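Naming follows writing order (A, B, C, D and E), and every chain is counted from residue 1.
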Amino acid sequence: MLQVEGLSKTYNKSSRARVRAVNNVSFSVEKGQIVSLIGESGSGKSTIGNMVLQLTKPSSGRILFGNQDITRQRSRSSLKEYYRKVQGVFQDPFSTFNPIFRVDRVFAILHREFFPNEAAEAWQQRVEAALLSVGLTPAAVCGAYCHQLSGGQLQRILIARALLLEAELLVADEIISMLDASTRIDVLNLLGEMRERGLSMMFVTHDLSLGYYISDRVIILYKGVMVESGNTQTVFSDPQHPYSRSLLEAVPRLDVRWDELPPRPASRHEAAMFNPDCDKGSPRMEQIGEDHWIAVRDCLPGTEL
Amino acid sequence: EKETDFGRKDTVYVTGGMWSIPTSFNPITWSVPAGLRGLTYESLLTYDALSDQLKPWLAKSAVWQADGKTLRVTLNPGTTWSDGSPLTAEDVAFTFTYGAWSNPFAGYLETANVIDDRTCDLVFSDPAYHSINLNLYIWPIIPQKIWSQIPAEEATDFEPSLEQSIGSGPYVIEGYDQDRVVYQRDDDWWGIKGLERSFPAKRVVYIKSMANNVAMAMLSQGRELDMANNYVSGLPAFTANNPALHTYYKGAPYNLPDNIVFLMPNHTKKPFNDTAFRRALAFAINTDDIVEIAYENMIVKPENSLGLLPHPGWAAYNNDDIAKNLGYSFNQDEASRLLDAAGYRDTDGDGLREYPDGSALSFKVSVPYGWTDWMDALRIITDNFREVGLDARPDFPDEGRYQNEMVKGEFDMLLNNWGAYRSSSPFSLYQFLFSTYTPVGEDEWTGNFGRYDNETLRNLVQEFNRIPMDKTQESNAIVRQIQTVHMQDMPYIPLWINGMWFVANTNTWTNWPGEVGSTNQNYPSLWTDKLQIGGLWMLSEIKLK
Amino acid sequence: MSVEVENLKFYYRTRKGSVKALDDVSFSIADGEILGIAGESGCGKSTLSNGLIHVCPPMELAGGSVRLDGKNLPLDKPDEMNTYRFRNLSIIPQYALNAMNPTVKIGRYVQDLMQSRGIDYSAIEKLFADRLRFVRLPEGIQKRYPIELSGGMKQRVVMVISTLLNPSLLLCDEITSALDVSTQKVVSALVAAFRDEKIVKSVSFVTHDVPVLYQIADRILIMYAGQVAEAGPTEEIIHAAKHPYTQALVAAMPEMASTYRQKKHASIPGKPPALLDPPEGCRFKERCPYRMPCCDERPQKRLVGNGHEVYCWKEDL
Amino acid sequence: MRLKDNDILHYALRNRKLRIGLAIIAFFMLVMLAGPLFARWEARERAGLYPSAPPNSTNWMGTTKMKEDIFSQFIFGTQSTFLIGFLAGCIGTTIGLSIGFFAGYVGGWFDELLMMLTNILLVIPSIALLIILAAYLPYRGVQIQSVIIGCTAWPWVARAVRSQTLSLKQRGFVSLARISGVSPLRIIFEDIAPNMLSYVVMVFILQFGGAILYAVALDFIGLGPTRGISLGLMMQEAFQNNALQVGYWWWFIPSGLSITLIVSGLFFLNTGLDEVFNPKLRDQ
Amino acid sequence: MKKYISRKIFMYLLTFFVAISINWLIPRMMPGDPILNLISKLSRQATNNARLYAELNQKFGMDKPLFSQYLLYLKNLTQGDLGQSIIFYPKTVAAIVSKALPYSLTLTIPAILLSFLVGNYLGALAARKKMLDNTVLPFWYVLTATPYLWLSMLLAWLLGSKLNLFPISGAYSFSRLPSATLSFVLDYLHHWVLPFASIFFVQLGGWAIGMRNLIIYELDADYSKYLRALGAPDKLVRRYAYRNARLPQITGLAVQLGVVVVGAITTEVVFGYPGIGLILAQAILGQDYFVVQGAFLMVVLCVLGANFFIDIAYIFIDPRVRHSMIGD
């Protein structure tokens, strides 16, 4: 459904050195799939999300949605068309709502921008239905200001908003990192339900346990480069890239302590591994198992895997 | 007493007349630092503006020869330049034949024949007695040895250094800065013997005009200011509380009359090209208010509608009968009647008059922004106009724009006095008002800014100029004609007579000119070109307290 | 026991009334112990840490006492507290990444700080360098500005500075929340190492991230709405929690063991009460699946194991 | 800023600086609005019996040299001084806001261009512009003066607004609006601008005060209105006519004092608002 | 860093270029004819004005096509030739400006720098004590809100003419010419006091208020909290806050230094202080665009110079700036 091909982004801020935020990233999201982008802070996750949402312009590469390269069409009508199908939810629920308006303004905007012909009452009914389906009581949230609601409620409203548009792909950028443990799981579960209803998702997170919990596929990013990707279970149970291995080892778990972690067998692909810390060569994803890919150096052709 | 370089008792501090930073010490440009012409460079004669007498200075005499075209100038004995070299008839001849564009005799001086060391004949092709007379006491004699090195075209751009500033006068330039020029007495000045005159002050410090309140404060302190030739608002109230302050008259009008301010309508525009309208305006203005309110009684208004200065040199031409028969006086009813009669009526009932054809009538009267006394006076005038139903507005353009509009003839009405100063003959006034005519589109620089086109009058003014100074009766016959036309046509309306602003502090120097109790009966002005009509004498006759 | 907190109350005075952010909390930390403190956002964790260091308006001490190494802390006298701060108790604040003055070099900063506290810097200079080495910071960091360091480095510098005078009690307030997993691991391991090296005697480690506590804490204290819900040895709290809230909280933690498709974690319905005017009795009662009438009264502390305390009316704990 | 948050109102009412500022401004507003009921003459009307008269029962604040009623001048002068501040403030704020918004929001070369323009305008003394404009105008009125001041005072606003916009642009609600297909113009005016309301208000107040002071300086060096009256002109006329030296304090003091009071009132208001909007600054 | 500096230099040059071009345009955009003004100034009585007009037109280069006038202007500029004045004819603008500039600079630079230092100090002082803050803050507000000229006039009246403590006109006594003696210097200072004070006090209030606000923000910053948490005495906390609050104030200083030349116009007029401001005031009313142009050029140079200096200085005084330039 969504295909990202060779996507790169270089920020060229006037007073700064250039920042290569995203470097030759390719992946795809299938219908009904949750794909997690996992990486540390600054690894370029949000940048990818923003490029998919067309909030940032890629420096190079293509983003195909339904076989159309959306980076090429910038007319407002085609953009709108795109936003009917691809929607986003952002990290900070409190800043996603304009503090001076009531929260239901986001629905009014949708109505105005996308369904101008729909009668107000019919629309209201649809809004209420959507709110109910994300587990909110319409009466409790409509008319409130964002600071009167909890983060979880706000994120649910945004998900309801995507539902109203009948979006096919949801870009969820760290949508639970600012929520409390209990609300967090709540929203995650909601995402799971949404997947059941056929919604695809790009789930951006730095928390591996969350990625593990919810996603079908994971993409591990390091300094803007994909270092490993594949089926969640496969990757998490048998990480190959040293970076993903170290990440996984650092996750605090509730079953084992760090010092009690059983040692992993050595990586089978150490030599070929692409090291994003060195600038030479560009990464290429090499398949090493059924739906399991790792980054290798291009400049070493024919390396045995 | 604080330590200073100039002894207090050696120095006289004056202000007024120096409006800008000292630009160039070139005496033959028109924008010279005050004091330069008079203190450092001297003219042939001087003119006593109080008694209407030409008096010798560099020249012992300047006499018209029988042919009526030759003026014989005889220098006083012993005239020298400040470097000690003699000032001779050669220098005089050089000065008046030098080709600088500012040379006042350019165009009608035929030759200058040096007869001997002391004598020189100036031969004029067209003896314009009155203007020549004027320049004899205005124009400075310059040293040939310096100026002959300067090509005439560059003469006015020439900026003489202090070494090159060799004059013949009682003072030399000692130094200057942005806000002052310091003149130092030349103790070898020829005039000490030659004129039997001396100057008590070792230094004259000319201070650039300062803000009004500063001038007033400094005057009252008298520490570094002895005399001001500035208009000082609030002076009557201030002198009353400061016994050390001295004015020419003890009470109103405090100052001697010096120049006449005219209301100049633009004759190329409606409705000012209508004589009846202009006459009506003349009746509408309450000059008493201007005198009392705008000027706090520091000035006088003209004696009659001819608008001549009450000045002995002009007295012979003050033809009261003409004024009485043809003139005007403040009378708003009459103004209204005249306007009604000429068809300027309020037809649409808004309280303001329209043109006879019913179209709206409104106009502006301009004076430069910042000339506060004039601005105040103008407010009174436009109020007067509104009182008779005319939509007049005061307009205060910046000085630069005022000049531009004036020179190009693009104004409605304005106030001006540029050529209406106290002089040896009212010719200067009539020349200023009527002698030229330039159509709109061309630039008019010297007078008649309203473009009043009257050839007869122009000819009359020229005729006046060609009658020798002493033939007053003959001149007056012509002046009567001029005045008759003036009063009938009322091209320009005389408004008020500006004072020769003068206030002094008597703590250090006394015997300042004054109506009573002073032996210093001289015209109290140190403005450029007014030193030659009294200022020099005044300076030589003040006394240390 | 190096730290004994008894009936501590910190209120925020607001114009609508007092926010009872910390209401009658008692606990103790033994020598060489890391006490983990966890709870939902707004339950008063930071209030506890901040209050122990510096009670300043709008926060006020509403009651209770704190004993450190047997001495009562003069919490209500900020000036007197100054002698204890840094020397006896110290904090690694939540905002550790912004805790350094951006325009002052790190070495200079420590020097100023020491001098202002009347300590000879030269005496401590070597110790400082050693400690920096101990937390694996590169040489020469003293000559650098905070902005030139990465988040993890800044965090470690602050850790070193805060513990430079070997305080008895180290308060760590959410020091791992802003960090990446790998840095998080390093930093929390360092806290334990500080304790092991006897640089600090006891640690209070505040976080809402229960798995981290499981990794390093000796005992865990679970707070709810300004009060203690349960406290006990780590293993017991995580795997044998008694308080319904603790149970729900732990159950809501995703871990690297199961996925959504395998086992759906349950969340806690409802939200914590407002602390401006908290309900009488057990504060968790509104959300508690075992709610009983007696919950309207404040539950007493109950000892259910070795050092395991629960504040709950439920009988079959 | 949360309009709904009655905290704001609470602190606003409690804030002493705000109250002082409001009181001063309200007083002068009253002078300005109710004054004309009591002003028996026009500003330039020769009203008094005596020139330069001290305050008396007819001319409550005395008269000028031209017998004008200083009380009337004060009323109408306050009016135009407020008008200058208000108009210039509005113009300056509006231009600055628009440029700041668009530069910040659109970004890229558009931003660079606008910022260069802004920097150049910062560098070129605004009197330059004033002189050019003044030369073309048939006369200078209070309105024209304020237009000119407003047109030259905006660069600071633009700079500040731009950086605010840049940071607001990062906020989620802007992204949300963008993925809702809202047009950039709407985003700027519906989402970004209202969130800067408090900031805008403060900028406006500063511009208001700055314009008044600037106008005074212009009046003084002779670039003031050639028509009408303002407190600056009153001050200048008093100065020109030696009011202080001669002892006509009633002519010199009211104008200068009022300007000082009005502007300091505005500054008080500004700091007060700042404290109300920024909890950090509030008195505890 | 190099890239940053060269970029900055480029931007400054560009701005300078545009600014001087606009500056050149000023007189050309004016209605009216400067030469005409000059003539009416020069020759109220002279007769051959038409010839003079042609001569002067040529001399001022007004007869050339606009573009070559522009090139000429740039060329002359590189030689320090700013053209010729109209109201001060035949003085050159360069001569006028260079004579006036020292007076302006010795007046305004100390006034601004000292007010900056003292104001910041007082502001920092006030930020620490509620009492002090509440008592002096209103006073500062009133100070900054005072029009320069009003304060100037009050000072001149009270200290100058009533109490007779200070002279009120000129840059030094009229009873002397400049000399390199101590008594001249003292005299100069004596004259300098009042105009200095009137700028100093108005500016002082502004700096103090700015500093106070900044310090209050800084005292609430995390790093201040941390210092307090470590038991650092108030003195150190304030010192650090002051250190950081200074930085934005320095930016403000650049701006103020930039406008020194024009900023003091009113003060210079009131005290007859013979600086650029006084010249400018006269040139503006006399529509002497060439002098105006020259004075503005000075302003442009000052503003750009001061800003450039601060921009570069920032690299050294603020590690944050330096860091952001080098990149992460």
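Everything that follows uses one rule, which is that a residue touches a chain if its C-beta (ideal position, glycine included) is under 8 Å from a C-beta of that chain, and two chains touch if they have at least 3 such contacts.
This one's a predicted model, so the numbers in the text were calculated from it and none came from an experiment.
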At the largest C-alpha centroid distance from chain C we find chain B
By the contact definition above, name the pair with the higher C-beta contact count: B-D or D-E. D-E
Which integer distance in Å separates the CA centroid of chain A from that of chain C? 32
Roughly how far is chain B from chain C, centre to centre by C-alpha average, rounded to an integer in Å? 92
Cα centroid separation, chain C vs chain D, in Å, comes to 51
Using mean C-alpha positions as chain centres, tell me how far chain C is from chain E in Å, no decimals. 55
Counting only residues that touch at least 2 other chains, which ones in chain B make the list? 211, 213, 217, 220, 369-370, 398, 401
Using the touch rule from the top of the page, what residues of chain C touch 2 or more other chains? none
Residues of chain E engaged with two or more neighbouring chains: 32, 153, 157, 161, 269-270, 284-285, 287
Residues of chain A that touch chain D when the two form their complex: 50, 53-55, 76, 79-80, 83, 86-88, 90-93, 95-100, 106, 109-110, 113-114, 145, 147, 158
Sites on chain D touched by chain E in the complex: 17, 20, 116, 119-120, 122-125, 127-128, 131-132, 135-136, 209, 213, 216-217, 220-223, 232, 235, 239, 244-245, 252, 256, 259-264, 266-268, 271, 274, 280-281, 283
Touch list for chain D against partner chain A, complex: 1-4, 171-173, 175-183, 191, 194-195, 197
Listed in rising order, the residues of chain E that touch chain B in the complex are 32-33, 36-37, 39-49, 51-53, 55, 85, 87-91, 96, 99-100, 103, 153, 156-157, 160-161, 164, 167-171, 173-179, 183, 187, 269-272, 274, 278-279, 282, 284-288
Applying the document's contact rule, which stretches of chain C touch chain E when the two form their complex? 53-54, 81-87, 90-91, 93, 95, 98-104, 112-113, 116-117, 145, 147-148, 158, 161-162
